[in-house]
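Below, chain A partners chain B and then partners chain C, in two separate complexes.
Entry: the complex of A and B
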């Protein structure tokens, strides 16, 4: 089976689309109708769940307002209104805040069907006097994990677009992998002087640029609905655009030579420079300490911490990367075969 | 009248940050947890790759016609 990797490309890409679209998001709290509470009063709020099924609980749900690791307040009453709505009542004591006159509390809701859901800094508790009494704290224990285990995490604002990881980030990963392969062929060309190696590498760069342009367009679309603007001159956005422009210039350079050998040698040298310009632009500058980017992985953080990619997402993301890379390789190979035929015909002439 | 109009515009401008600070989800792509943003990404990717395939197809056709000319 000579073409097994083409079939693998189709299987992996289909898998990433199907699993990427059909896996549900984990149940979460999406909205709160009331988020300011006054000490020494009864506080009521209705939470709106996303993908939740509150009606399916077997044991009564539990809810807490958590100030810090030392103190949490139990809900005094929980009423399930519908699958998506739950009304919580808290009796807030007179003195609950350690410093100042207001403090953010996290809201934690736990049901046996949907698992535990956290809304950080959800409710602002105001208090007239700035002292805390030692009130016995509720213990948060035996949290449920929920009935559905294969889910993607829910993040506010990002919501369902977390799936774009497979359709946007994999394009960039595939681009870099294909560029690495093109670097290999270019070095081979410079060492051995086989024109076919140079054609291989230039076709790999061609599909990489297409992937890069696709990455820019898909990224801009995603940014519009999460960051608010198609193009916000975000650091990584800008450096990625520069990389694509550098590689576009490769084709301008290539087309400006008539002589085949000259074309091949100069473009090979240029593409090696381009590759080593890409490394800092894609991997170093956006991660520098103090670099400000909306992308994950800015300011010295690892790009794929557990906050951005959990194990369920890894099971779709890495196959997607391999799938896109093989698909790009396939397209590059088709172009290569066309160019090889052309070259043969020139030789016949 | 003109002054009143100006006043209203100024009032609107002054209030606008408060207006867009609210979570608005009235356009099509923001519905149902923004799932249509994912769909649009897939559509863009597919359309570009299809265009690419058509270009390749045309190139091969040209090569084929070139070759058949040579044979004659």
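Entry: the complex of A and C
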């Protein structure tokens, strides 16, 4: 079948939208009503769960306060108030910290239904004097995985907006792939001189610019929810906007020529030059040490660590990238045909 | 590869260098004869710096640094715009019958590097007179001016070659070159922030390396693409 890839584009795009929007987030702790504890007292706090179903547990839940990999405290009493609320009680002994007078402890809660949940540096424990004498640690073992396996990870602040990854990042990936293809066609045009190659390339750039603008918009919306502002002059935001500007200028350049061959030749030269000027912009500068960016992947880190994209998300993200790329190709092909027909009409005239 | 290509390679390079040399000499002679272009640019820089400091009165180091490069960038655009736009088509056609096209762009790039370095030094001099000399590492700052001139020269000369083909050259020059120049400009401002002592970054050699590699990539691309551009 000739048009299988168009069907694939529709399937993958619909899959990424449906799976991306309907898959629940994994159960997590969202909020604590009390986060400062004093040594040698009984500490009580109520945790607020997100997407949790505490009432459905079969075995009693467990909870720990973990100082480091060597030491943890067990909860002395756990009371389930509702699906979303659980009251924890810890008897904190007099000596829990070896150095200094206070330290952040991680809170770990484990139930057989929701699996284990971690809230890093959740509770600040204060102690009058440090001591090397410690009571024995309570071991953390046999953590449950939980009954729901196909979930997206819960991240503080990002929360439900994590789904935007399948739109925002996929659009950027698709844009770069389509721009690479347009580069190929432009080089082919300069080598062989077939006007149609240049039109192909130009239509690919057109859809890439639209993807780029959509990527900017989805990014700005995401930024509003996570960073508080639509536009915060983040390094990646700026470079992305510049890339869009470069290619918008490309169309202004094209429109300033009447002669078809001149238009094609000069715009091809400019777009190849712009692509190679864009490489340091997109791939080098944001990765420099000391380059500050709010985006993950800045400051010398790889773009996707296990922190940003887990296996469940990959199962939606990669199909989304392929889907958007194929969809872009399809649209570009339609525009290309329109331009080709216009060219034919010119010949008839 | 056929033997005649290998045989003619050294000749082709000799041709490139000698033509570049002669074209460069022509540029300098032309500039010397019509002094108004150079003095025009110097006057442009002078009035800009004057107006800016008249409005600001005093500036902080950060503003000093940014202003320097912004003024430098606009002055460069103005200086380089004439490279291709001011030369008429018939004379260009005459060059292309005599010399390889790469010699044309190479001579203009080299000439513009000198011109921009000069403009940079003049701007710096005016900044010292009207404001103060905030530069702590003078060698690094002068090196930054030179590297900036190289980068600006490559991008602006090539874009002016593109823009000269269209009727609305001056507008195109701005919208085509400014987005492309931003990575270079960012690196330059970062480097000169080091030179004025705003940031203490001992790893500025890395920045210099990146700047040189951006320049090198663009120069190679310009060399490959320019032959496609000139023929009308």
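We adopt the following convention: the second predicted complex is superposed on the first by the 348 of 349 C-alpha atoms of A that agree within 3 Å, B and C clash if a C-alpha of one lies under 4 Å from a C-alpha of the other, contacts with A are read in each partner's own complex, and residues count from 1 in each chain.
As a convention for this text, a residue touches a chain if its C-beta (ideal position, glycine included) is under 8 Å from a C-beta of that chain, and two chains touch if they have at least 3 such contacts.
This one's a predicted model, so the numbers in the text were calculated from it and none came from an experiment.
When the two complexes are overlaid on their common chain A, residue A:25 makes contact with chain B while staying clear of chain C. By the touch criterion stated above, A:221 is placed in contact with chain B alone, chain C being left untouched.
In the superposition on chain A, A:159 makes contact with chain B only, while chain C stays out of contact range.
Once the two complexes are laid over each other on the shared chain, residue contacts for A:253 go to chain C alone; chain B is not touched. By the touch criterion stated above, A:342 is placed in contact with chain B alone, chain C being left untouched.
In the overlay built on the shared chain, the residue A:295 is in contact with neither chain B nor chain C.
Put simply, chain A uses no single residue to touch chain B in one complex and chain C in the other. On the chain A side of its complex with chain C, the touching residues are 190, 242-243, 245-246, 249, 252-253, 256-257, 262, 265-266, 268-270, 272-274, 276-277, 279-281, 284-285, 288-290.
Of all residues in chain A, only 17, 21, 25, 50, 158-161, 163-164, 167-168, 171, 210, 213-214, 217-218, 221-222, 224-226, 331, 334-335, 338, 341-342, 345, 348 touch chain B in the complex they form.
Partner chain A is touched in their complex by these residues of chain C: 155, 158, 162, 165-168, 172, 175-176, 179-180, 182-183, 186-187, 201, 203, 206, 210, 213-214, 217-218, 221-222, 225, 228-229, 232. Interface residues of chain B, counted against chain A in their complex, comprise 29-30, 32-35, 37-38, 40-42, 44-45, 48-49, 52-53, 56, 59-60, 63, 66-67, 70.
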